[in-house]
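Per-chain residue numbering starts at 1, and chain names A, B, C and D are given in the order in which the chains are listed.
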Amino acid sequence: MTESFREVVALHPHPTAVDRDALLRCIEECLDCATSCGACADACLGEDEAEELTACIRHCLDCADTCDATRRVVIRQTAADLGVIRALVQACATACAACAEECRRHAHHHAHCRVCAEVCGRCREACEGLLAALP
Amino acid sequence: MTESFREVVALHPHPTAVDRDALLRCIEECLDCATSCGACADACLGEDEAEELTACIRHCLDCADTCDATRRVVIRQTAADLGVIRALVQACATACAACAEECRRHAHHHAHCRVCAEVCGRCREACEGLLAALP
Amino acid sequence: MTESFREVVALHPHPTAVDRDALLRCIEECLDCATSCGACADACLGEDEAEELTACIRHCLDCADTCDATRRVVIRQTAADLGVIRALVQACATACAACAEECRRHAHHHAHCRVCAEVCGRCREACEGLLAALP
Amino acid sequence: MTESFREVVALHPHPTAVDRDALLRCIEECLDCATSCGACADACLGEDEAEELTACIRHCLDCADTCDATRRVVIRQTAADLGVIRALVQACATACAACAEECRRHAHHHAHCRVCAEVCGRCREACEGLLAALP
């Protein structure tokens, strides 16, 4: 896909002191994770045994909401508040870890859960990477 | 305004063990806070000296995104993950506290900032109230 | 609930020419509808026969996403683009009408669907009221 | 960036009859556009002459909110309502066209606006492509 947002982030008049690579990796993984979780919740809902996937749907919806909010906040470089960013990225890592764990339970029966668990795992790592890069 | 969501929450087939009043208060304040912050960011943007309100706009946008995500997650009662809820409500309290502090700086010059600071303060309290009520 | 956002909207330095009552009613109903739909999707997911409520869950999720985006856009009074507002409020009315229709099918078995259908109907009316009030 | 969501979409138990390529292109461009618009609004806010960019910030915020909602809705394949999808994708095309036009006005002075105008143009085309592909 096109990734013009990388360019827009780089063209900010007063770029953040936060490590650019860690920032962009967190944004990218939040995008893929929010979208994959939205698609996985929907795929689970379409399965014949959807009632066994109730917790998985719930985790995916929570994770998508948290990733979307986190991506929206961390991309802003003007007048950043590191305390707010830290708390939200930490919450995002928590949501991703919980969703990855639940999706893994269904990975053998549902390939969409297997893929989603992997994305959630990567997004958790990207969040932790950004947390480690914050001053 | 109508508050039918209170009824829908009460009609859930398997209501959460979390204290209903603390839950609803958090949802209500997140609704008012997300909406007030969105309106305050927009009012700041419309002021003649918008450049002095840059940090205020930024805080309001962050707070609105965090409140919307938090409200979406905490209203779900099916298969709740308390660790995820706790981390996100904590992040929301942090965003509200930071936004209240910044809005208060402009309260004497801009009445919308004064009102917004009050809403953010109430939402932070409601988030802390829910955190205290979680098992 | 507190409705401080009404005050913040009224304190905008350059208020919109759009009828204030129609605007606020649309915002309020979008808030109640997005939240009620989120709660109804979750209640449906928690029902024993969730598989019969698949379409209802889908409609509620779509309606919540559309109402949240619509409320975020219409509350902004600075540099408003009526063409954008019109298209989005129209889409919101469409989503509300479709969700109301689907929820009504389940109203006799599930009280949360009955209440949600009513909110969606009111939100559709508020959207149509705002459309009629646009210059 | 990783694009696991493409895989999750493909693994849905009952894939939509809608053309997969048109669907995925719309999702991808909505992701890039929402994120680029968020970053452009923030870059504009950080410029010294932010007051000349007020309309641009407003358009970017509206476009980001509309793209995020559209992407969330169109990725769902279970029990899709074509009327809702059509209205929302149409609103998204409208928001993208308006934002592209405003960003283009500032393209010579601000490279982030030039890039953002291009993304908005592509997203509008992707929305129109999906509209043309709907049955």
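Following the convention adopted for this analysis, contacts are C-beta pairs under 8 Å (C-beta built on N, C-alpha and C of every residue); 3 or more make two chains touch, one makes a residue touch a chain.
Here the structure is a predicted model, which means the values were calculated and not measured.
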Relative to chain B, chain with the most remote C-alpha centre: D
Chain pair showing more contacts of the two, A-C and A-D: A-D
Whole-Å separation of chain centres (CA-atom averages), chain A against chain D: 19
Intercentroid distance (Cα basis), chain C paired with chain A, Å: 26
For chain A, residues contacting two or more additional chains: 42, 45-46, 48, 54, 58, 61, 68, 72, 76, 78
Chain contact graph, described as a line, ring, star, complete graph or other shape: complete
Contact footprint of chain A on chain D as seen in their complex: 1-5, 7-9, 11-14, 27-29, 31-32, 35-36, 38-40, 42-43, 45-48, 64, 68, 71-72, 75-78, 110-112, 115-116, 118-119, 122
Chain C partner contacts - residues on chain A that touch it in the complex: 42, 45-46, 48, 50-51, 54, 57-58, 61
Residue ranges of chain D in contact with chain C within the complex: 54-55, 58-59, 61-62, 65-66, 68-69, 72-73, 76, 78-81, 83-84, 87-88, 90-91, 94-95, 98
